[in-house]
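Structures follow.
Two complexes follow with chain A in common, the first pairing it with chain B and the second with chain C.
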Partner chain A sequence: MMERGKDRDRISGIQVVAIISSTIIGAGIMSFPNNVAHKVTVDGTIVVVLSGLLVLAITFMIAYLAKKFPQSTIFDYSSSLVGRFLGKGITGIMLIYFLLVSASVVRIFANVIKLFLLEKTPIEIIILSFLILSTYLVKNGINPIARICEAFFPIIIISLSILLILSLQNFNIKEFYSMWQIDVFEIIKAIPTTLLSYLGFEVLLIIPAFMMEPDKVIKCGIIGTGVAVIVYIATEVMTMGVFTLEDLRYLLYPTLELAKSISFPGAFAERFDIFYAVFWVLAVFTTFAVYHYLSAYSLTRLIGLKNYRPFCYLLMPIIYFISLLPKNISYVQQISKLVSYFGAIVVIVIPLFLLSAAAIRKRRVKLHEDT
Partner chain B sequence: MIKIIKKDKSKRDELKNQEEKKQGQKQAPEETVSSKFSRNFDENFDKFKEYLHESDDVIFRQFTSIVGNTKCGVIFVDGLVNKDLIQMHIIRPLMEFGEELKKDEQQERKKENAALLLMEKVVTAAEIEEAENLDKAMLPLLSGDTILIIDGYDKAIVIGTRKWENRGVQEPASETVVRGPREGFAESLRFNTALIRRRVRDPNLVQKTLTVGRRSKTSVVLSYIKGIARPDLVETIEKRIKAIDIDDIFEGGEIEQLIEDNGLSPFPQMQNTERPDKVVAGIMEGRVAIIIDGSPFVLIAPANLYQFFQSPEDYYERWIIGTILRFLRWIGSVLATFGPSLYIAIVSFHPGMLPTTLALSVAASREGVPFPAFVEALLMEVTIELLREAGARLPKPIGQTIGIVGGIIVGDAAVRAGITSPFMVIIVSITAISSFIIPSYNAAIAFRIIRFPIMVLAATFGMYGIMLAFIMINIHLVLLKSFGADYASPVAPILINDLKDTIIRAPLKFLKRRPEFVDPIDIDRYRQDPIKEV
Partner chain C sequence: MKIPEYIACFSKRFLLIVIIIIANNIFLSGCWDMVELEDRGFALGVALDKGEKEGEITVTYQIALPSKMYGEKGGEGKKVMNISTMAPNISRANKQILARMDKVLNLEHIQVLIFGEELAREGISDYIDFFVRDINMRRKTHIIVSKGKAREAFDITPPTSLSTSQYISDIIRLNEERMQRISTDVDLLKLSINIRERSDYLLTELTMGEDDITLSGAAVFKDNKLIGFLDADEVRKMKWFTSEITSATIIVKDVADMKDEVVFEAMNVDSRVVPVIQKDNVKFKLNIRIEGIVAEEKQLNYSNTHTQKFLSSLEKKVEEQIKKDCMEMLNKAQHKFETDFFNLGHLVKQYDARWWLENSNQWDDIFKTATLDFEIEVYARAIGLIE
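Right, the complex of A and B next:
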């Protein structure tokens, strides 16, 4: 629309929902039932549900912060709340986190593509092609990224739903009989891992600054995360119902294996996993593009410049080298672990810290007014 | 984009002005004096002769009016004018009538006013205008109007006498429908604007004429409805058209390429059509139609990608068939774009995707083929493009023969000779047919062209390459703008109102609002449900 044409780099509420959902649903959706299975002794559905609820609570907290400081990113309000120095520190942590996430997302992606689609192509080429494509998008601002998310999101959701519905043929309800035997201690121990599979909603720390209607941020944030949580729960239920817990521990990418297990009587196509690996490319691309943008944006803010565009190009070689640092898949998993710790700091520690700072400041102002 | 053009233009104008100033110090004052008409008949008449005496199609006729024995002259271009009109309503009355005018009136008005008298009481033509200098008279003269010069009057009289041979209303050749009006635009501008005016009897319908082309002076008409179309949209289009500084415009396609947002994109950013009903539908949505003299194709701006998949018939038939046809076009466009690349990717990278029996028969049929799948596909695709181009340029009956020879004989022979596999022939044929299912020829071209780079990507990266291409096309579409409107619009950004008439064709009952992507001033299409009202 014309009005949007004038103020190009703004995003609507629907676009925020699309960005959050498609950022959460990314590289992790293929492997997370495997991560969960390592942490539990019986069916892990309840863990996934509980951590989903916890994620919604955290989303609410972050969105609340964003609503309190409309039109500003975490970089703006952190320095106004806790001072310039600490603010820069927070920006630095965020930058490292975003860079690590970008690199690990693209590395995991390249590994899976190599495994399922292109056995002979070196992962360097896969990573490079992906980086070039994402730079082409990211250099144009947040609005085109939002539109790409809007365009791909329905495709991802529809293809995933078809996958889940089709795998109902192999579904076995018996797998869930043990669901309530899980003990509280185990749940508490497993929740952090599953929580970190949901990472992606932390985009809410930055993108509300670009919203056209900033007062809708809480609603949009909750819906966006909610859609992703539902998708994750459905995926967990289906993988659990089709495979046993032991299977899940050995299958590195259970969701793709789910596609592999589908068969049709009088099939018109075999190996659905290739189809899904293909659609999954879209899901990973949206995730990666958002993190690429956020890395470039936070680097710009850390240096204190305004135009982030040159940094999109600058980050290309940096992300490329970070993603190639781990020598093999087990190193990649270690890096993912590191990313998760950073993620915990970014989504829980920093927002809580800022919220309490805001509360203290408010009280101080109040006291000041009283006296 | 506009800004750049504007800048260039202003710079260029400055340069021109400077040049003119340099030369003009000697010539300019003389010219301005001489181009103005004087009261002397011969002087005025010779001014036209000076320019046009070498052209034999310009006719100069000099005669004397009965009234006061005034010298008169008409100038017109043979072939562009209605000669009967000149004969009956200009020359004849001037030469024969006026005797009965009162003598005293003649006396009163005498020499200098004889012209006014003649204009008021003798000339019986309908359209009359005056021009005070040569520049103003020249354009209408060359467009088919007649210039009347009367001794003692310092203005030339321009009489509307335009008429030239027109093709008449014919069925549009490039867009045929089963149901719907069969009239199409022709090459004459007035005729085309009349076709629009005849369908919209709204006084708010504006048909604004602009002139493009330094030498050709081609008329371009912007047609829109005041109160629906946004003024800034009209202004943008007008500005861009006015910024065109070119010697000649032959067809609307040139204007399209000169004013579109991204000239490098394979995708058309304006609709073009030969059908008046499509144009009227467009201007009713708040868009602007651009009608160019000499071309039966009318441009409509802005456009989004999804409009190229719509045909007027979708609305004339019931909604179910409209929706199904749209789905068919979606499938067609996907096949036309990705068909051969999917074949390449599956055959050379992922044969496992096919059911075992099919995979075996594909492999068996490819056994004798000496080329890799990519070369095979490229060979066949280029052949079919050759056939298509040859068929389009030839006269119709021969074109069909080419189709049969090319399609059936060459295809069959290629398979028998072992150059290609039968599967490839099927894929190529389906791709070709699919690209014809897209109602707009210019959008179909885009899909035809991007097929080739995708084939290269599929040959290097398999399915992953196709996905890369898909993402890249989507990024390009998302970035593309058409006169401020988003090209990928009802899908990204999502406009729920517009989606009802994009992916599906919802029943008319639900299409109460005009498309939002154009952002019309008046959004309501109709307000009441007719059946409930009764």
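Right, the complex of A and C next:
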């Protein structure tokens, strides 16, 4: 019985795959072709593919760290690698990042839902109900979150695939004829923006600590990120082929526009976009729940407590207020930009820093043994 | 008050749950901003005309009356209601219309959007934004330009359809690809892309008779302003430049030195335009491959049509005819309209985006000097049942 009680907060490899994928595929899938189109002049696909590969490389790096320190989160190994003080600093940065992501995700979600489904409902009510639901899920630990992700993951992937396949009716392959006219500088300049639309794989900094089989972390991490990368590439290709690259710069939610452009023979469902928006809610919910959990967890670790449950409730009003701070959609976009800069620190700078610290430490230990 | 035995026998917890369920049913049973289906006025079409005052437009909605269309009383009286109002913009017009209708306006099922000729000459881009920005509009709405007042089209009640809008939309849906004389369908999706890419385009033209509607020919747009019309025959000829052409009938004269007139019906058409881009000029290569049959012969030169001489002469003549048609249309585009209504500019952009980025400013001038190369293969495969 003791063993079972201990295992309750453990997650399987498939669940890790589902968590990573459904964290990456979230609010951003609605608008990322627009972000990419603003940065390139000829073609967006190559940039998305290249940054997808880069994301896989970073995932490998993070997973490698996690494998090196099994059963422990970044909070544990950072303080053992670079000392207690810097470790707390890293925890603080990550806490701010997770909070900002949660707030911006829930705000973008509320904006779209208000636009589409609940035109007259106040945005505060949409955010609040979303937060209450998420708190109910998150307070029970990582296992229920993992199960929700596992359950929603196929639904999200299938609904997105249906959308992309049906969009083939408007697809025009000629839009890709000049995709090989590569301008290297342009691509290099565009990669950071695109890379940051993939954010979400940083859950690998913490989640592996709960894995039942920690040695599978690299494989699971790569598969989870890989699925999301494929989904993103397919979305980019489809939006490019249906709308042209030039047109993508004008569309706020290209993926949604894709759903609006579909027509069925016989027209039994004339508004496919609403059908799609419903499934998109699931994708955003999984993303948000994971980030809500991570913020509560990192706050607990920052203070140095064991039980994170009270902090789920405590964070509710905080996320609520941050999400309502931006006055309009323009500020929301600025906040998401700020969030992605924080994200760059979290996914690239901190892991690289820790990896080099680990390498130096290892060398020192080796030197010590030699002498 | 004593609680009766048959209630008291349940536990308090159970009763509480029952009360909550009943309360939920009462208080949560509907959306608070819900509009009943009968109270919605489904617009089937919109017509935009120039208003009487400067800077105003006349917006006409064709609203479906489902109770007259279907059900027990179906079939009697008018099945649609046309409401016009004048306003400086479409949002204002939508509000004004609500004062004259006992239903809530719903734009989700709009089939066609018709621009009047007069308004189109002044430019349509100012009035398209509402329909693209509004969340309820679908992207498959057909865009049409009418000769004369657009709203008069809605007064014509076709016998085979429930409303004018559905009638027009069905003509496009069913017959646009079967016949080459209607301009290629442009829906809201394509139009908005054209407008945002600042390219020139053609829209389907609608002409009204006494009590009927004809879709044929095309309206030519340059800088989003109507500058002229192509007649049905010209549309047929310009379709060689689009890859959408699937069938065609070509009339040729004097085949094999006989004074006759032969109608060649092309069954399998494969046409492709490939731009050859040089430094500051562009050449277009037209690849057309046609397989077809002899459909009609006027002079009844019996026992001649099956000869090799006749068929190869026919193929030659058809090829010449296509070349002539294409050159004629390119000349018209370059010199009469001075407009790239084939949207060949977009094709150039697809083939060489970098070149396009540098030269798109001068595209109007470059297009005027563009030349045409042909590579046409014609196969007359069969002659029908008569020799």
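The working rule: the second predicted complex is superposed on the first by the 365 of 371 C-alpha atoms of A that agree within 3 Å, B and C clash if a C-alpha of one lies under 4 Å from a C-alpha of the other, contacts with A are read in each partner's own complex, and residues count from 1 in each chain.
To be clear about the criterion, a contact is a pair of C-beta atoms (placed from the backbone, for glycine too) under 8 Å apart; a residue touches a chain by one contact, two chains touch by 3 or more.
Predicted model only: the values in this text are computed from it and were never measured.
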item: Chain B versus chain C as contact partner of A:Leu117, first or second or both or neither; value: first
item: First, second, both or neither for A:Gln181, with chain B first and chain C second; value: second
item: Contacts of A:Val284 with chain B and chain C, given as first, second, both or neither; value: neither
item: Which superposed partner A:Val16 touches (first chain B, second chain C, both, neither); value: neither
item: Chain B versus chain C as contact partner of A:Leu196, first or second or both or neither; value: neither
item: Which superposed partner A:Tyr250 touches (first chain B, second chain C, both, neither); value: second
item: Touched partner set for A:Arg271, first chain B, second chain C, both or neither; value: both
item: Winner by number of chain A residues touched, once chain B and chain C are compared; value: B
item: Chain B versus chain C as contact partner of A:Asn140, first or second or both or neither; value: first
item: First (chain B), second (chain C), both or neither touched by A:Val42; value: second
item: Contact residues of chain A, present in both the chain B and the chain C interface; value: 270-271
item: In the complex with chain C, residue positions of chain A that touch it; value: 41-43, 115-116, 119-120, 170, 174-175, 177-178, 181, 183, 242-244, 246-247, 250, 257, 260-261, 263, 270-271
item: Chain A - residues contacting chain B, complex; value: 1-5, 12, 14-15, 113, 117-118, 121, 126, 129-130, 133, 136-137, 140, 144, 146-148, 150-152, 267-271, 274-275, 277-278, 281-282, 285
item: Chain A-touching residues of chain C, taken from the complex the two chains share; value: 32-33, 108-109, 135, 138-140, 189, 192-193, 196-197, 346-347, 349-354, 357
item: Chain B - residues contacting chain A, complex; value: 230, 232-233, 349-350, 352-356, 461-464, 466-468, 470-472, 474-475, 478-479, 481, 484-486, 488-489, 491-495, 516-517, 519
